[in-house]
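The structure's right below; bear with me while I get my questions together.
Chains: A, B, C, D, E and F, in written order; residue numbering restarts at 1 for each.
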Amino acid sequence: MKDIYIADLAGFEEGRHFDGYFLLLMKQARSTKTNKPYLNLVLADKTGQLEGRVWDPGDARITKDVERGDVVKVRGSISRFDDRLQMKVEQMRRAAAGEFDKADMLPATAYDVEELWRELQGFVESFTEPNLKQLLTTLLGDPAIGQAYREAPAARQLHHAWLGGLLEHVVSLLRLAERVAPNYPILHRDLLLAGVILHDIGKVRELAWDVGFEYTIEGTLLGHIQMGIEMVEKTMDALPDFPPRLRTLVVHMILSHHGKLEFGSPKLPMIPEALVLNFVDDLDAKMQAIAGEFDKCKREGRAADELTGKVWALDQRQLLNTRAWLEGGK
Amino acid sequence: MKDIYIADLAGFEEGRHFDGYFLLLMKQARSTKTNKPYLNLVLADKTGQLEGRVWDPGDARITKDVERGDVVKVRGSISRFDDRLQMKVEQMRRAAAGEFDKADMLPATAYDVEELWRELQGFVESFTEPNLKQLLTTLLGDPAIGQAYREAPAARQLHHAWLGGLLEHVVSLLRLAERVAPNYPILHRDLLLAGVILHDIGKVRELAWDVGFEYTIEGTLLGHIQMGIEMVEKTMDALPDFPPRLRTLVVHMILSHHGKLEFGSPKLPMIPEALVLNFVDDLDAKMQAIAGEFDKCKREGRAADELTGKVWALDQRQLLNTRAWLEGGK
Amino acid sequence: MKDIYIADLAGFEEGRHFDGYFLLLMKQARSTKTNKPYLNLVLADKTGQLEGRVWDPGDARITKDVERGDVVKVRGSISRFDDRLQMKVEQMRRAAAGEFDKADMLPATAYDVEELWRELQGFVESFTEPNLKQLLTTLLGDPAIGQAYREAPAARQLHHAWLGGLLEHVVSLLRLAERVAPNYPILHRDLLLAGVILHDIGKVRELAWDVGFEYTIEGTLLGHIQMGIEMVEKTMDALPDFPPRLRTLVVHMILSHHGKLEFGSPKLPMIPEALVLNFVDDLDAKMQAIAGEFDKCKREGRAADELTGKVWALDQRQLLNTRAWLEGGK
Amino acid sequence: MKDIYIADLAGFEEGRHFDGYFLLLMKQARSTKTNKPYLNLVLADKTGQLEGRVWDPGDARITKDVERGDVVKVRGSISRFDDRLQMKVEQMRRAAAGEFDKADMLPATAYDVEELWRELQGFVESFTEPNLKQLLTTLLGDPAIGQAYREAPAARQLHHAWLGGLLEHVVSLLRLAERVAPNYPILHRDLLLAGVILHDIGKVRELAWDVGFEYTIEGTLLGHIQMGIEMVEKTMDALPDFPPRLRTLVVHMILSHHGKLEFGSPKLPMIPEALVLNFVDDLDAKMQAIAGEFDKCKREGRAADELTGKVWALDQRQLLNTRAWLEGGK
Amino acid sequence: MKDIYIADLAGFEEGRHFDGYFLLLMKQARSTKTNKPYLNLVLADKTGQLEGRVWDPGDARITKDVERGDVVKVRGSISRFDDRLQMKVEQMRRAAAGEFDKADMLPATAYDVEELWRELQGFVESFTEPNLKQLLTTLLGDPAIGQAYREAPAARQLHHAWLGGLLEHVVSLLRLAERVAPNYPILHRDLLLAGVILHDIGKVRELAWDVGFEYTIEGTLLGHIQMGIEMVEKTMDALPDFPPRLRTLVVHMILSHHGKLEFGSPKLPMIPEALVLNFVDDLDAKMQAIAGEFDKCKREGRAADELTGKVWALDQRQLLNTRAWLEGGK
Amino acid sequence: MKDIYIADLAGFEEGRHFDGYFLLLMKQARSTKTNKPYLNLVLADKTGQLEGRVWDPGDARITKDVERGDVVKVRGSISRFDDRLQMKVEQMRRAAAGEFDKADMLPATAYDVEELWRELQGFVESFTEPNLKQLLTTLLGDPAIGQAYREAPAARQLHHAWLGGLLEHVVSLLRLAERVAPNYPILHRDLLLAGVILHDIGKVRELAWDVGFEYTIEGTLLGHIQMGIEMVEKTMDALPDFPPRLRTLVVHMILSHHGKLEFGSPKLPMIPEALVLNFVDDLDAKMQAIAGEFDKCKREGRAADELTGKVWALDQRQLLNTRAWLEGGK
């Protein structure tokens, strides 16, 4: 089983040897400035990814018989080149089926997926609007969709870019929406929560996560909003007597959840539930990005009272860890 | 039958009496500054609309029994108030069914709808791609959709805002696309023409044209792009073996035809046919707006070598009638 | 005491007489097209404002001795001019001090101000960070500031434009922030709540609410962000040993709460508490605007399943009342 | 004569030797990290350009006597450095005049320039407006201008960046405009075609194409719109009796052809011909960019059903080759 | 001679009679709500313009024989309608040539035009660069251009919209540029001043000022930048040996003086003199707008310590008169 | 004392040895691609900064005992790597206090600071408004502030990024403002000059210049506008009887001096002095950037008649040196 992870390697001194199982995301033949051929690799597991180099591709201990998507067993050591960590690979072979657990090979949520799934189902159970309840029960009860919903990342990069990320993001939003809803009596709580559960469901088709996280061509041409609406419309059409006005509102929630035309929502939120959905989605994504950034600083050993670097997901602004900075000032 | 039209009234001298049939678009009780009550009306027919006033609402010759949407017979005369034309209504009653032709009551295309329809069908006949041909034959062959497609305006105001406007706009685009396609060998001609025919089909649900032209609430919440995609997807799903990749491209054509996120297309055109569709749609709309503006100047008796007013549909720019101005310079 | 309110007048039939006390917001001598002089007035009370006309300014029953800002007793009747309601004033005199309650003369919160104030103080009581607690206790304990905080509107127009509006808005935000905070462990709850209480405190100087709601000249030149920071900085400077880093964060919260440079915050939120403050402030303002719009529709007797007009505070979008529309569809 | 082209080298295995003639676009002395001096070169011919390295600049077989702009004979081999192709140069001397054809040294249109020129002249022949016909005959009949018009690239990079590119672009536009014009009776066909021929004529002065393609300083300060207008105005002024209004319209066509102020046209198109010119120019440029991108993918051996990379000339969007993708789905 | 001016009429009590000479800018037949015909006029002189009404167009004392552009003698009185001043016209006839001075009829600079002209020529005299000196001497020495330069307004509305406004604006800029130039040794003082004198010269063709101030059609299609460049290029071409690089720089100064593409300059300023020209032009226009706004407040009798209304030429901001406000605070 | 400067090193041939004193801005342990450890340094003095490499970090002649911020004595030679200059460090030790002058270690103004300071004080002396004079005398008379004002750079990079840069920038602005003020009689000269002196005073806290130039965390969170206002407000509050309206105007000058919300000024300039301050500040910064760019071209030996590279501080535009280019054309 896997006991060395990408994230551990940053702490290794240069030259220390290790064996490990990794997913091969890229393999490319190159040559140095002085014409020496070598292999350039990208190796990944659930804790991250790292470049690797095979300096002697002809070595018999390096199998030729591997491809992008294979899990490989690697023996190598760590080197640093201009401050970037690299893996120097000395032996490499394809791993056999029983040697590894696929779940270790792609970044995955730190939470228990089944628990998150039960929490989500608990929310559905609590619905009093029967049509929305039936819609969600039917849709999430579809085995293929339910399975994909539990596996899908919420994004290719940025926030929640890991297996189970979609589910983790949705459950976090459900908790937040459940807290916000009672503050505004005009809100239709079940419609809001249904919108939370359905808003990103098209991501199970927009993204592929077999080998790394990629957009499908269909996803690039249509986007998860359109794809999600299609899935939800089909389910509503299959239900006898789903109320047509409720159908329109559910589609509107998905359609408008990015909040602005230039963010890919062709309609602005025009009902209170759609407005709140857009806010909590945006807030939660940003708070996760901030928390992730602070974690990264801690991992990288920065002083508590420094600003972070410029954060892409927050318009290139720098952030400050409130508590750590206040501590540092004492 | 109708022999007096709104458009004729501009030429009448003040005070001349007339009888006519008009569609009642609005009726509202008001009172003057000196507290005299009166009725404010908006009356329409296929040539335009006009405000009307009933200065003595208690007069027995004015029926109380009419509502927005009724066709009424009116006796009145023309007056001008601060340069705006108005109808002074002296008698008004609801018209009986046989007294008028409904087609006279809303603005309608100047072309023969059946001829346009045959031209459109001729284009479909000419397709060599069998799946697209079947899709269009099925969809337009649906009696309700076919009927709505022939009636719908292309917009509430702006360009082609008249009965049959959608069909007229689409046929003009088909002619243009058929001319442009051979210039670029990479274009899939049938896919381009299918995109032209389908791009605005959602307008048959986004708009209502019973009494004036209005957006439906569903249309305001979802938009014609989303509504059109739903119609087309349902038809494709009902066809056995419609190729999935072709399905994706057809949906992408509709989805991206506004050309920019801020114009309500959540995806940019990413195939050549979608790019060309966006261009010809935009060009044709602008050329119709220009031609309409020049006609309006002529009707209003402006000198040939003046600029038009600022045109809303063309970013508030003024336009100059090339030929007329060159003529004027001789 | 006052028993006729502006809001009641809309329901009166034309010509019905009434007596009432109103605040005179504007008085202007004009003449009609035919050179007849008249007075144009704007009269207000806590339920709204209305134009009034004195058609015979020379009438002895119309005192000359009133000015903007006076409360007047008026006898008059209702008329409508081109659909706009007007008051026809037949008698007018200055009201004596004991005749009216000033609280009736400007729009005011529907909530009990003292109860809101106690709720706010309860939040301050609950703080565990001693410096923030002392800061708020000191600042709100200043009699002039405490009084102004309870009276000030939150805006000149738009959201919460009524006496007590600032307090009402802040308490609503406190409740929301208290709900959101536990969802994100990185949040410093007391700093967030302190930011909520202080973010708009400059409005007690930016706005004047003696006679209607107006910006002061100082408020126009400096803005409530700058004015609020000055107030808070002075208080912190007067406290012995207020920690300098905490001081910086408090100022940053106020400075950045509009969330974007183009909205008047010269710095983006750079700590999690500032980000959340910006979100809840924006969300609450929009939800209040929506609720207000739905109330207005109800008051104006619109059908439950219509869209509202275009709402200025929500980028000119139209809104739909979810529950009412769903009801209407049954 | 030249038999090895830059485009061929990508297919060579590393280390294979070749001799070839290339245009020297850049020559620079550098040294490696370990202080070894070397020469960095950019070598070009009509199929592209490539970096070269001289690792032993003191070698007697490397002439010192060459400069930017010279054609050189090179003996070398191919190497790859971090995935980028490079030429390792072992011998280099200046080529003698008779050894090469200058036309091989810069990218040039794939079409027969004389045929394109005759096609353009055929369009001019077809004009019925005598003044425009004379203007074009005179201007293009000027030997210096005619020669430059046939040679000039249409841009420094982006679309049609090759010798003859201006002419190729204009002829493609003429064909398109000739197809579009009959669809809109308000169009003055000869004015539209004259605009097509003249719109980019200033590029013969804005760009220099002796050694690579560069902007002249005058071109950078004034731009091709201004420079073209000057050329055309001078020609019109030299013609007796060129109608002043027609003169204004011709200048307006050139001035406005970029369609927006932010694209460098100080006036928006205000006549129908100018509007159509802007559309066809934009459409043709984009269609050429797409076709070029698909060719590049084919050359690079990408799978038919992949998206292209992000295309700079199309707002960084990715594109999909319709036919290839549909084929791939069968 | 003229002794009653438009600006005086605001101070007249209603009903007072007067006789005066005015320029007729508009004449239009209308009728009232109750069908009474009347004439609507716009009358102007150098101090402003005013609407007029002829309530009895059939009256023999009202000549039918006048048209837009005529100077008329009017007998009438002042009335106010909804706060807008109007002239009630009782008699009107065309004025004879000797009765009035045309200079009284359009707003004109308050300065002595000949003195301004001498000051401008003094600047030209001071040039040490002989080519620029000759260019300006030749161009301004052209009688038609020199005359137009002295008469032209600098704009249709906004800043310097009066006869002589162009000259007044240019002389103010020359003084400012002469002050700024010595602060920056890299500046070519004569080139900067030449740019100041030439930057708006195209306005003599873009605008017409016979009857009110209007854009010509040519001006609307081409703009004063393009028109000015054409005038200056022709003059430079007629001078033997005008240095070509200097020619390019002069054209660049005119071309870039609006400073941004979206303001109609297709090139940004790329030499220091062009940058300074853009700054002083913008600063002077804004300072004149501010001074004009303060004058207007004074004329309208506003309190010294009020903000102005929102000023269109300054992005709708309000302004405060520093000195007056400080005075008011004492 | 220091006799070798960073700026001199560019002229050294490779391999020549030198000894020098430099400020250590960065020190980082790295290793090469082949795992050889080395030290990467950044060394600076008042003429610039340069990367350095220690290829043998274990060498006894390289002290381990230095940190960021130390001044070190270095023996080394020059090398070039891919066109970038580097210092090869062979010996390095911490410099003793008496060995160097700290003023040599950071870039500093080329002017005499004490002379600039006297010139600034001369401007203050010339004030006739007593309150402003006292404000400035008090504030600049504070020893800590006066010292910091003389030392502070005006920016971290861009314009005036050197010790004394703030003072140099302010004095240049004072001269310019003193020239511009008399051209506009509405200007309050002392208020304008006070604004010039105070507008950037917050930079003494926003920036730190002990070791290189950096933003402080407080500076990043609050910005120099806010920090400057706080300093000035405290000083005004400490003066008895500083007029409140003048106080508001002074704060407004600082608050609005960036001229646009998106540049970080939450209010637009609303008094003439604030408008002029924004203009002269912007103009002076741009002219310094241009002059600096031309100097750089000269230092880099570019031909006089070339365009510069794209200049970041001027919206990426290229610039042309007017005089040099005109010379080159002769």
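In the analysis below, a contact is a pair of C-beta atoms (placed from the backbone, for glycine too) under 8 Å apart; a residue touches a chain by one contact, two chains touch by 3 or more.
Bear in mind that the values here come from a model prediction, so they are computed numbers and not experimental data.
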If a chain touches chain B and chain C alike, it appears here: A, E
Both-way neighbours, i.e. chains that touch chain E and touch chain C: B, F
Of A-C and B-E, pair with higher C-beta contact tally: A-C
Relative to chain F, chain with the most remote C-alpha centre: B
Chain of greatest Cα-centre distance to chain C: D
Chain pair equivalent in interface to B-C, over half of contacts matched, among C-E, A-B or E-F: C-E
Cα-centroid distance, chain B relative to chain F, in whole angstrom: 63
Geometric centre distance via CA averages, chain D-chain B, whole Å: 43
Where chain C touches two or more other chains at once, by residue number: 217, 220-221, 249, 270-271, 307, 318, 320, 325
Every chain pair meeting the contact rule: A-B, A-C, A-D, A-F, B-C, B-D, B-E, C-E, C-F, D-E, D-F, E-F
List of chain F residues in touch with chain C within their complex: 217-218, 220-223, 225-226, 229-230, 233, 248-249, 251-252, 255, 261-267, 270-271
Touching residues (chain side chain F, partner chain A) in the complex: 28, 30-33, 35, 37, 217, 220-221
Partner chain E, residues of chain B touching it in the complex: 14-15, 79-83, 305-307, 318, 320, 325
Touching residues (chain side chain F, partner chain E) in the complex: 172, 175-176, 179-180, 182-184, 186, 188, 191, 243-246, 249, 268, 270-273, 275-276, 279, 282-283, 286-287, 290-291, 294, 307, 315, 317-323, 325-326, 328-330
